[in-house]
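Look at the two complexes coming up: chain A is in both, with chain B in one and chain C in the other.
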Partner chain A sequence: MAGATQSQLVEQETSGTDAVAAAAVGVSAILFVLSILALFERITLTDPIAGLPTVTLLGGLLVVLGGTVMGFGVGSRLGYVETDPSTSAGLIASFAAAVPWFVVGGGVASETLGLGAAGGLVAGLLTGGLAFVATALPREDLGSTVPIGALPVLTGLVFLTGTIGPGWIWNLGWEQPASFTAEFVVPTVTLFNALFAGWAAAKAYGGFGARGRHMGAYTLVYLNALSIVAFLFILVAFVVVQGIPGVLTGVQVGAGVGPESTIFGLTFSWPISVPFVMNGVALLNDYQGVLPAIVGTFWLVVGAVLFAVPLGVGAAIFLTEYAERGRFTQIVEIATNGLWSTPSIVFGLFGFAFLVPRFGNQKSLLAGMLTLGFMLLPLVVITSREAMIAVPDEYRDASAALGVSRWQTIRSVVLPAALPGVVTGVILGVGRIAGETAPILLTMAGGTFVPGGQTVDVVGGFQFTATPPFVANPELLQATSALPYQLFALITAGVGLGQNVADPDGFRWATALVLLIVVLSFYAIGIGTRYYFRRQLRHE
Partner chain B sequence: MSETTQTQTQTADDTDQPLTTVSGETEEQTQQEWVEYDFQGEAKLVSEDLDVYYGDDHAIKSVSMEIPEKSVTALIGPSGCGKSTYLRCLNRMNDRIKAARIEGSVKLDGQEIYQDGVNLVELRKRVGMVFQSPNPFPKSIRDNIAYGPRKHGDIDTGLLARLLGRDDTDEEEALVERALKQAALWEEVHDRLDDNALGLSGGQQQRLCIARCLSVDPEVILMDEPASALDPIATSKIEDLIHELAKEYTVVIVTHNMQQAARISDQTAVFLTGGELVEYDDTDKIFENPESQRVEDYISGKFG
Partner chain C sequence: MASVTESEGTGLGGATRRQIQRVRDFADDTEPAALVTVTVMAIALLAAFVGFLLVSSLTIVPFAVFLLAAGYGWLRHQGPTAQVLTLTMTVSTLLILGLIIVFIFIEAVPVIRYESATVFGVSVPGLRMFIETRWDAVSDPVRYSMVPMIHGTLLVTVIATAVAAPLGVAAALFLSEIAPATVRELVKPGVEILAGIPSIVYGFIGFTVLAPWASDQFDLTGQGTYLFVGVVVGLMALPTVVSVAEDALSSVPESMKSGSLAMGTTDWQTMTSITLPAAFSGVSAAVLLGVGRAIGETMAATVMLRGVPRLTDPLVNVFYGQETLTSLIARNYGEADGLQMDALFAAGVILFITVLVISIGSQYIEWRMRRTLGGEV
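The block that comes next holds the complex of A and B.
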């Protein structure tokens, strides 16, 4: 065979042809990023980039990318490029080429040529089958480049000729008004083309064969990871950008501008004033805020953790260290897993029907804490159990051989070794319960715009009474608000509070941002705790 | 099966009295003659008719032997012959395995350890154990050594004790130093007692485990292949240490390595497949002139 040179032990230095393939991978990465940005409307199709209309730019890059990939394959087959291809591109590549060509063929036949669903199906099967054969039959360098490389060339030409332009719209003609717009179709199609062509280009860069497939898979996995990180980043950036103006309204820095606080009898004024997080809602306020909901969320999470962690860790200790493994532990395991997947509204109903009537027959902070505590409980049990099972039995043996009792072994050896795992579980659980809306709606409530007077003061609320149980805390038995519920109420309320909250949209985004910050703060505390316990276990 | 007879009576060499056998059991009983071994000095541990079952598996078959005090007794034999199981019977570590069932008797200084009312804490303080792979706790070197005495309440360095001015920090210092010196580790770690024990090398970790075992002042030290996970240099350090320890302690060591048994032990017991004790005598005698053909085959590497 012409191109099948013997494999070399020492790789040649990067040649010009390698650089071409690497450039193709680079172009597909650029297209990938551009299409993600366009999908999230960070760039628009109508605005030009570098003097070129965006659609034209995307189309041009796609044609260049596809052409390069195909050219590389043909060049390799004709022996101009030194590669090490297998005899066939393989089944996976064949299906990967067949699926997009089935979509293209079917779509063109049924919509553009008007042949209907049956005609589209036949045409799609024909083009898909053709692509399958074209990939599977020839040697790998042709098979894995030409059918897939032709795809971006075709798409690019469609963009360049203006067949699909910024104003393009495809009405699906369903009963409900549904249509695909260019804003959605162009980035999505570009994204898939970039993935396919990037994959083929990476295989070409690796010189096909085993090494080429490794490069292809590596590129795909890398792009996947990249897209997940990009998605998270865009999500957080979106909330921050939208929420910052609302949070920073009326911020003042300077001595004595902030609210007064009294700690240990010492009264002082904060040197900074952020009304959104330091005020409630009141008629006379210059700026309105969500302080009651922040404090409510904080106490809600603290209460739920204080309730669930001791119970959950205790149950896990019993299950791993004392109970004999058997039917009983299996049932408990299945039950805890089931509880963890129970919808939160069910927990909310339980709190509403069972806890609320027992706490003064009104929605209260305490009922909310306990409901969320019950939600958190199964996860704490599951993760603590896993963490304790992972503690090596050698530690238990060593301790027993010293004559140390089982409980002391658990306390001094097993628990410290399991703590990082327990903390991980609590972090995950807190992330979930801090954002819960449904159980709070049913057990704790609050309002859309909560006055500052409703800020709970749990610590200051404790009172001693002359009758049992000798301690009372009316603050715990009051309805209060929490951030996710307030956000929900703000969105369903739809309108602002007259002059006071003139920009309800900004108020909502700011609330969402504060919720995000509160949850991430709990997360940071958890990570810090886990780091501390891990250090204790390893090198101090 | 030359060593196994059908006799129902067994005789102990020190009493010459017939012992009552554990009879009336439905399981097949393999009766063995008392494997005779005369030695100087007192017997520290005596097992009589010890049987161990894991479920239906008869792991130890009626083993009777006497272990002399302040000496090194090696238990050798092929894999799965029950020597480790036998060792773990001597401080009742097999109690921790749910499926294990133990019949017969083990006496420590003449006191039965398999009877109601035995204080396991006290037993395991007197009969310590070192395991095959080094298993220090993920704590500092000091905490590892002081763990046992602290948990037994022998020394108290807790916050409350310190507040009340009754803490035993000095005693703890002395104890840690004593144990580490006995285990020949003091020179290497005395300037980093607060470092994590997992940062030590494998050989150092194993000597730390020996020091941890010594911290509670045991009388007997059981060692389950203590050097099998170590390199030759670390192994020779452990062997030197065992020699030293035998001056004050009764050491029982299980090993796979016959050269090791020959180097360090005063007497050797050979277990063969099926959980029988086949021969028990002075180490020199076992390795130079064993009575049984099977033992000779095993020692010369013909099987096992």
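The block that comes next holds the complex of A and C.
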């Protein structure tokens, strides 16, 4: 936001009472972490933590947390704590308090007291409404702490008294059976309590009023951003940890251990051998691998880019440089955006109905390439257009003033200036389509286990024939595998997998890891390119 | 650059007249030799396209002529050739959308005919797909009802939106208004990378980790719940919401925010009372686009669901995941033929129309927001 807010004018000394509120925020953070750990079964409800049973510990902490929050609010109302509250906590806080109390009231009335759904609804509305009023009517320091602080106190007491213990279970009694178990309910309820109470405590720490709300909201927003980043890291790390053993089975380093390659007539052996990415699947292989799928993905991407990039950039040139802004450009814009959000499986269906019959009535690499090209096209058009619109009109005017024709201007002024944006957009788009499974499922996919001998060789496959269409490339017209499809096939193959590979699970995870590496390296290159061009711009 | 021309005629007639005028201008401005080349190019390309549509093996001939003409034109008359080439490229993007519509509709026609139902003595094609709940492609009576899949897609989408919308908007606020520059430079690529993780990888993790865990936690028979498919799909739609909402938030003019801050408000007050209301339509367009992504998500759903097309019992039982429109197609394309394959296309048609409507709706909202904000600057 505006730079002026960087310096804080109101800088209060941390007093003892502030420390209480800060401690409450800290307790909610601890509860948050504990409940996440319990959800992922890193800690179990039956094993004690530091000598205390887990549920008792959580309950105790919740009571302490709720009590602190309520106590702070009451203390502020009685004037023991110096704060700056508004007259009311506001509508958002009131709704935030009403919703959990509605759930509590409704749940207790319908299930514990056995009043049924209607009774639950009435009771829920009653307690929810009460919480709403209790939040909205009193001064903010009471309103934003007491109803929300009472929630963890209640939950904590339920845990402490053992009403909900480690063995608790609530069968929903549905036709398709489902139950809430303590393993799920205890951590989840604790998590929500920690969030609500942490929010209230952060508001209290900010001294209520505008500053308090700022503090409360920022706490949640920062937590959200942090969680997203943490989620990303955990996801990637998990795949890496699970996949590494599979990828590294049978790795050898040393002169001449790898497969032989011939480049420009020069034959040599690689000094490193990674069977998983250098082999196909064969009966006599020591280690099985996914080389055909990797090569298939490579050619898919090349084909899609060769199709979509010239077409997309051309269309963008016409739209920004030649066409008058009017109904036609508007329709094209709507169409490209519509294409961009079209589900990938629909592209697959289209490829199946339109392309497959036209390429020999069987699934083929070429059909897969074009289908992915169709998917990539709208993205190329959109990003290239943005990049070209961003080129200042002064460039074009200056060029036109020199008497240069329009096309010359586009070629030597607009395109070079727009190049960074176009390149970045294309790379990010490629990363997206490289991981797509659904479209190639219907148009290209081959078998689950592809022998190394079936690795596609597009360049060597071209032949000339005497009958039309005169050029043929059987390699392009054959079904082949690609990494995302391979992973899908491995998942759905299920039990039969064990006959072909020694360690099916390791093989799957390794495939997932290789796919992730391929896709994320496109993203890394794309983001890196953007930084490079941006720095170039700053230097100029 | 291109400016809006207030034309003499309005409506379709005026537009056509203007187009003819522009073509005439182009013909007048261009040398005759170039004009011939360009015309040959256009006709050859058209012929190649028709040949391709008719599955003719002679398609290559007009296409070669087109390539030759384009090559010649590029060397001798670069300007006009480039203009016509880029025009054909633009038209081809439109053409692809048109072809998608035509082809998936044509393939779906037989099953729509088969699933006719009679209402008040009038036979309405396709109606039975929506009033019965039976999907059975094998045993009599063979029925292809879309209701179970629509129900599944609806549940997944609602859950996904509940995950993606609040988290996404909060993250967008963080990126566009709150985060210090260095933090933003780290978080933003993170969100982009999140968008790049292939859906099959999400599905694989969901299948191996989340599904057994959920069965254990809720005492379910078998694996596959709409609840966690929805959560996973929501996380996958999150980056879309974040990036579009962030664009909307940062398009609010800085002067509006500064004006509010100058009144002595906190950053948060400015956000809730100035930035968010001003960008509200853009943010809702972002959520809509996220919904569109969630509806179309295929692989994670396919891998994590049970693949038995039926309604859950009771309807709100989100702990059992049967089938969505997308996963139906991805699971059954292999063994399907005849009517069943056409039924898959019917599912595709429903998906396509829904998402297209959402896309156009969000574009309309964004367009309106740009106009309003543009007027106030």
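FYI, the second predicted complex is superposed on the first by the 465 of 540 C-alpha atoms of A that agree within 3 Å, B and C clash if a C-alpha of one lies under 4 Å from a C-alpha of the other, contacts with A are read in each partner's own complex, and residues count from 1 in each chain.
Convention: a contact is a pair of C-beta atoms (placed from the backbone, for glycine too) under 8 Å apart; a residue touches a chain by one contact, two chains touch by 3 or more.
Remember, predicted model here, so these are calculated numbers, not experimental data.
A.B. asks: Aligned on chain A, chain B and chain C: do they clash or fit?
C.D. replies: These partners fit in the superposed model.
A.B. asks: After superposition on the shared chain, which partner residues are touched by A:Ser344: those of chain B (first), chain C (second), both, or neither?
C.D. replies: second
A.B. asks: Touching A:Glu324 in the superposition: chain B (first), chain C (second), both, neither?
C.D. replies: The answer is both, since A:Glu324 touches chain B and chain C.
A.B. asks: Quick check for you: in the superposed arrangement, does A:His214 touch first (chain B), second (chain C), both or neither?
C.D. replies: second
A.B. asks: Touching A:Leu113, do we find chain B (first), chain C (second), both, or neither?
C.D. replies: Neither chain B nor chain C is touched by A:Leu113.
A.B. asks: Classify the contacts of A:Ala417 with the two partner chains as first (chain B alone), second (chain C alone), both, or neither.
C.D. replies: first
A.B. asks: With both complexes superposed on chain A, which partner does A:Leu441 reach: first (chain B), second (chain C), both or neither?
C.D. replies: Once the two structures are laid over each other on A, A:Leu441 reaches chain C alone.
A.B. asks: Quick one: is A:Val241 in contact with chain B, with chain C, with both, or with neither? Answer first, second, both or neither.
C.D. replies: In the superposed model, A:Val241 contacts neither chain B nor chain C.
A.B. asks: Where does A:Leu91 make contact in the superposed view: on chain B (first), on chain C (second), on both, or on neither?
C.D. replies: Once the two structures are laid over each other on A, A:Leu91 reaches no partner at all.
A.B. asks: Does chain A have more residues touched by chain B or by chain C?
C.D. replies: C
A.B. asks: With the C-alpha centre of chain A at the apex, what angle separates the C-alpha centres of chain B and chain C, reported to the nearest 10°?
C.D. replies: 60
A.B. asks: Name the contact category of A:Ala401: first (chain B only), second (chain C only), both, or neither.
C.D. replies: A:Ala401 sits against chain B, while chain C stays out of touch.
A.B. asks: Just how close are chain B and chain C at their nearest CA atoms in the overlay, in Å?
C.D. replies: Minimum over all C-alpha pairs: 5 Å.
A.B. asks: Based on the A-chain superposition described above, do chain B and chain C contact any of the same residues on chain A, and if so which?
C.D. replies: In chain A, positions 324, 396, 405, 408 sit in both the chain B and chain C interfaces.
A.B. asks: Which chain A residues qualify as touching chain C in the complex?
C.D. replies: Against chain C, chain A makes touches at 1-2, 4-5, 41, 169, 171, 174-181, 183-184, 210-211, 213-214, 217-218, 220-222, 224-225, 228-229, 231-232, 235-236, 238-239, 310-312, 314-315, 317-327, 329, 331-350, 352-354, 357-358, 374, 377-378, 381, 393, 396, 405-408, 410-411, 428, 431-432, 434-438, 441-442, 467-471, 484, 487-488, 491-492, 505, 508, 512, 515-516, 519-520, 522-523, 527.
A.B. asks: Within their complex, state which residues of chain B touch chain A.
C.D. replies: It is residues 91, 93, 96, 98, 120-125, 128-129, 131, 133, 135-140, 147-148, 151-152, 194-196, 198-199, 209, 212-213, 216 of chain B that touch chain A.
A.B. asks: Taking the complex as given, what residues does chain A use to touch chain B?
C.D. replies: Residue list for chain A touching chain B: 324, 392, 394-405, 408, 412-413, 416-417, 537-540.
A.B. asks: Can you name the residues of chain C that touch chain A in the complex?
C.D. replies: Within the complex, chain C contacts chain A at residues 1-5, 15, 52, 55, 57-61, 78-79, 82-83, 85-87, 89-90, 92-94, 96-97, 99-100, 103-104, 106-107, 167, 170-171, 173-175, 177-179, 186-187, 189-201, 203-205, 207-208, 213, 216-221, 235, 238, 254, 257-258, 261, 265-270, 289, 292-293, 295-299, 302-303, 312-314, 317, 319-320, 326, 329-330, 333, 344-345, 348, 351-352, 355-356, 358-360, 363.
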